[in-house]
Amino acid sequence: MLDPAIVFASVLNGLTTGAVYALIALGLTLIYGVLHIINFAHGAALMAALYGVYFLHQKAGVDPYLALPLMVPAMFGAGYLLYRWVIGRASHGRDENILLVTLGIAIVLENLALYLWRSDTRTIETAYTFAMVPIGAAMIAAPKLAAFAGALCATAALLYVVTRTDLGRAIRACAKERQGARLVGIDVEHVFAMSFGIGLACLGAAACFLLPAYYVNPQVGSGFVLIAFTIVVLGGMGSFVGALAGGLLIGVVESLGGLWLGESLGQIGIFLIFIAVLLFRPQGLFGARA
Amino acid sequence: MSLEARGLSISFGGLKAVQQVSLTVREGSLSALIGPNGAGKSTFFGLVSGFLKPDAGSVHLHGREITGMAPHAICRLGMTRTFQIVQPFAAQTVRENIAVGAHLREPRRARALERAEAVARRVGLGAQLEQPAASLTIAGRKRLELARALATEPKLLLLDEVLAGLNPQEVAEMIPVIRALRASGITVFMIEHVMQAVMNLAEQVWVIAHGALIAAGSPGEVTRDAKVVEAYLGHGAAARLQQLAAEPGHA
Amino acid sequence: MRPLALIAGLAGAVALLPAVVESGFVLNMAIMTLYTALIAQAWNILGGFGGQFSFGHAVFFGTGAYAMAVLQVKLGLNAWLALPVALTLGAAVGAMIGALTFRYGLRGSYFALVTLAFAEVFRILANTFQFTGAGVGIQIPLRESAADLQFAGKPGFLFAILALTVASLVIAWWLKHSRYGAWLQAVRDNEDSAAALGVDVFRVKLAAIALSGALMSAGGAFYLQYFRYVDPHIAYGPAISVEALLAAIVGGMGTIFGPLLGALVLHGLGEATRSLMQNAPGINLVIYGVLLVLIVMFLPRGIAGLFGRKA
C-alpha cells in the first residue's frame, strides 16, 4: 500500500486544488440557483480573467493578489453587461437555448483568445511562486494555501450577501418566484444581471488565486467547465456550502485518483461521479430537488 | 369498455391526494367526476391512466388489471385520456398533431394523415388542418386535444375538463360533439366543472372532495346531496340554504 | 420541389463535380462540406427531430474512428468489413448512453452535460490504453485502393462521402414521412401528450440515439479513412461535437436539408474568413460562435426556417 505520508500530502494538495475549484463553482452555482441557467461560458470567462491577471502582472507589474480589487469589479461589470445585452435577450423560454447561447459565447471567447494571444501556455513568476509551507509531514505551495483561504472567505462573503443584504433577499425572491418578485416591484432583469455579475466576479477572484500556482492558455477554460459542473451538481445546484464541500471533495478525488491511477486515468473519477450523481441523486448533497 | 377503480390511494409528502376511491364506470355510459378545486380529480385520472403509481388500490380496465402499467400501454389497450392543460405539439400542424394519435392503429403515414383529416372534421377543426397547432385559440386547442385522443380509436375516453376555458357559446357547441361520441359506442368519463354540461350529459356522477368520494348517483340526486353542497359552498351551507328556503316570502 | 427529388438532384450534381473540376482544393472543399453535413445530420436526428441536445456527440464519432483504426491495424481486418462493426458499435454506445440517461429521465441541459461527460470519459480511456494507441493515437497505412476503402484520388473519397451523406438525407426524409418519425417529433414536442397517445417514449428515444450514434460513427469512420490518423483529442474532443451541433442549428434543426445548409454556410464563411484574415487561428470559430448566438436569438429555426416549413 502507499506510504501514508504520500497519501496525506496528496489529500492536502487535493484540498487546496479543490478550494480553487470551489471558487470557480461558487459562481456557477449562484448563476444556476438564481437564473436557472447552465452557464457554459463559465470556463471561458475564467480563462479571460486569467489572461486579465496575467497581463496586469506582465504589463503593469500588479501582483495577482493585489489585482483582486481590480479583477473582481471588472469581472462583475463584464458579467452584468453580458447578461443585460446578450444572455437576457436570448431567453425565449427554452433552457436549451441559453445553453446554446452560453456555448456560443464560450466559443467566441476561446477563439478570440487564440487569435489574440496564440496558443502558448503562459505562467507568471512572483516572489512567492515557489514558496512552500510545511503542514505536518507535507510541503504545500504557499499560493495554494492562499487559494484555500480565499475560497473560505468567498463562500462566507457570498453567504452573507445572500442571507443578510437586501440584494440577497431580492436574489432569493427572484430565484424562487420570478413573477411574484416582479409583482412586488423587484426589477427582475436587473437582479438577474447582478447575480450573473457576482457569478463572474467569483471567477475574477478565482483567477487571482489560481494564476500564481497554475498557467493560462486559450483552452484552459474548457478543462475546468466539466469539473465545475460536477462540483455544482455534486454539491447541489444553488448551494454555496455544497459548492465548497463539493469542490474540496472533487479536488481530493482528483488528487488521490491521480495517485492511484496515474495522471491520465485519474480524472476519470470526476466524470464518473458526475454521471452517477446526475443519474441517481440529481439534487446532490445539499441541494433542493430540481 | 368498463373501468373499475378499487380503493385507489396516493399521497404526496403528507398530503393524501386521493383516499380509498372506488368506482365503476359502466361500459357505454357517459359519466362525470366532479368536485371543488384541488379535490383530487386530475390526480385520480393520473392514477387510472398510468401517469401516477398508486400507493394502494388497483385499476381494472374491462376486467383486466392495469395498475402500474405505463401510459402508452394503457392507451394501446383502448383507454385514452386528454389533459386539462392542453399541450399540443406546437411545432406541428393540426393534421400532424392528430396523425400522431392515428398512428397508434395505422402504421402507414398517408393513411394516418387521412384518418387525421376525418377526425378533425368530426370535431369541427376541418378548416384549420394546415395551421400550426400553436396558432389555435383555446377552444381550438381543446378540440385538437379531443381529436388527438379520438384518433387513437379509444373504447374509453377520459376527458379532463375539456370544457374549461370555453365561453358559453363554445360549450354549447361542444356538448353535442361529446354526446355523439357516446352514441358512437365510446364510453366517456369526464372531469368537469361546467355544471351545465354535467347536468346535460352525464347519467352517473361521482363527487370527490379532499381526495375522498362523498357522493354518487344521478346528477339530480348528487346536486341535492347536503354533503356535496357543503363541499362546494362550505361548512354549514346546506343548513343555511334550507333555512333560507323555509323562510316566508322566499321562493 | 419534392425532397427526394431534390436529394437525387443534388447527388447527381455533386457526382458530376470531378468530371467538371480538376482542382484538388475544390474537391476537398466539397468532401469536407459533405462530411460536415453528415455529422450534422447525425446530431440532427437526436437533437433536431428528437429534441435531445447532445453536447458530446464526439463520443460516437470517436468510437467509429477508433473502431476502424483498431480493427484494421491491430486485427488486420479489411476496412469494408470493419465499417459495419464501427456502425454497430456507434449504435451500441448510443443505446448504452440512452438506456442510462433516458431511464433516469435526464433531459434538457442535464442530458447535454452528461453526454459531454461521456465523451470525456471515452477520451481519457482512449488516452490511457495501448490498445487505442494511448496519447499517440493510431495511424492506418496508406493503401490507396478501393478494396481498402481508401482511394487513389479525391474523387473516390467524394463518392464515398456523397453516398453516406445521401443516406443520411434519406434517413431524415424518412423521419419526416414515417410513423416512427411522427412518434419521435411528438416526443420532442411533448412527452406526456405523446405517452397519452400510445407512444412508447423510452423506446422511441433509445432508437433515436442509437440511429444517431451509428450515423455519427460513420462520420468517424470516413474521417479515419480520409485522414488516416486518429488520436484521443481528435476522436473525443469538443471540436467535433461543436461542429456537428453548430451546422445543424445554423442550418435548421428538425429539417431534412438544415444540416446541409449549415455545412455550406459554415464552410463558406470559413473560406471567406480564411482569405480575408490570412489564416489567422481561431477567427473563423469566433465567427461561428457569434453566428450561433445570433441564430439562437433571432432565427431559432435556422437558415432553413427562411424557406418556410417545407425543408
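When the chains are written out, they are named A, B and C in that same order, and each has its own residue count from 1.
Note that in this section a residue touches a chain if its C-beta (ideal position, glycine included) is under 8 Å from a C-beta of that chain, and two chains touch if they have at least 3 such contacts.
These figures come from a predicted structure and were not determined experimentally.
A.B. asks: With chains as vertices and touches as edges, which is it: line, ring, star, complete or other?
C.D. replies: The chain contacts form an open line.
A.B. asks: What chain lies closest to the overall centre, CA atoms only?
C.D. replies: Ranked by how close its C-alpha centre lies to the overall one, first comes C.
A.B. asks: I'd like the Å distance between the centres of subunit A and subunit B, where a centre is the mean of that chain's Cα atoms.
C.D. replies: Taking the average C-alpha coordinate of subunit A and of subunit B, the gap between them is 50 Å.
A.B. asks: Taking the mean of the C-alpha atoms as each chain's centre, how many Å separate subunit A from subunit C?
C.D. replies: So the centroids are 32 Å from each other.
A.B. asks: So the centre of each chain is just the mean of its C-alpha atoms; given that, what is the distance between subunit B and subunit C in Å?
C.D. replies: 44
A.B. asks: Using the touch rule from the top of the page, what residues of subunit A touch 2 or more other chains?
C.D. replies: In subunit A, nothing touches at least two other chains.
A.B. asks: Can you name the residues of subunit A that touch subunit C in the complex?
C.D. replies: Against subunit C, the touching part of subunit A is residues 38, 86, 89-90, 92, 95-97, 99-101, 103-115, 118-119, 218, 222, 226, 229-230, 233, 262, 264-265, 267-268, 271-272, 274-275, 278-280, 282.
A.B. asks: Along subunit C, where are the residues that touch subunit A in the complex?
C.D. replies: Where subunit C meets subunit A, its residues are 53, 55, 100-101, 104, 106, 108-110, 112-114, 116-118, 120-121, 124-125, 127-128, 135, 238, 242, 245, 249, 280-283, 285-286, 288-293, 296-297, 300.
A.B. asks: In the complex of these two chains, what residues of subunit B are touching subunit C?
C.D. replies: It comes out as residues 49, 51, 70-73, 75-76, 80-83, 87-92, 96, 99-101, 103-104, 106-109, 112, 148-149, 151-152.
A.B. asks: Which residues of subunit C touch subunit B in the complex?
C.D. replies: Those in contact with subunit B are residues 177-179, 182-183, 185-186, 188-190, 192-201, 254.
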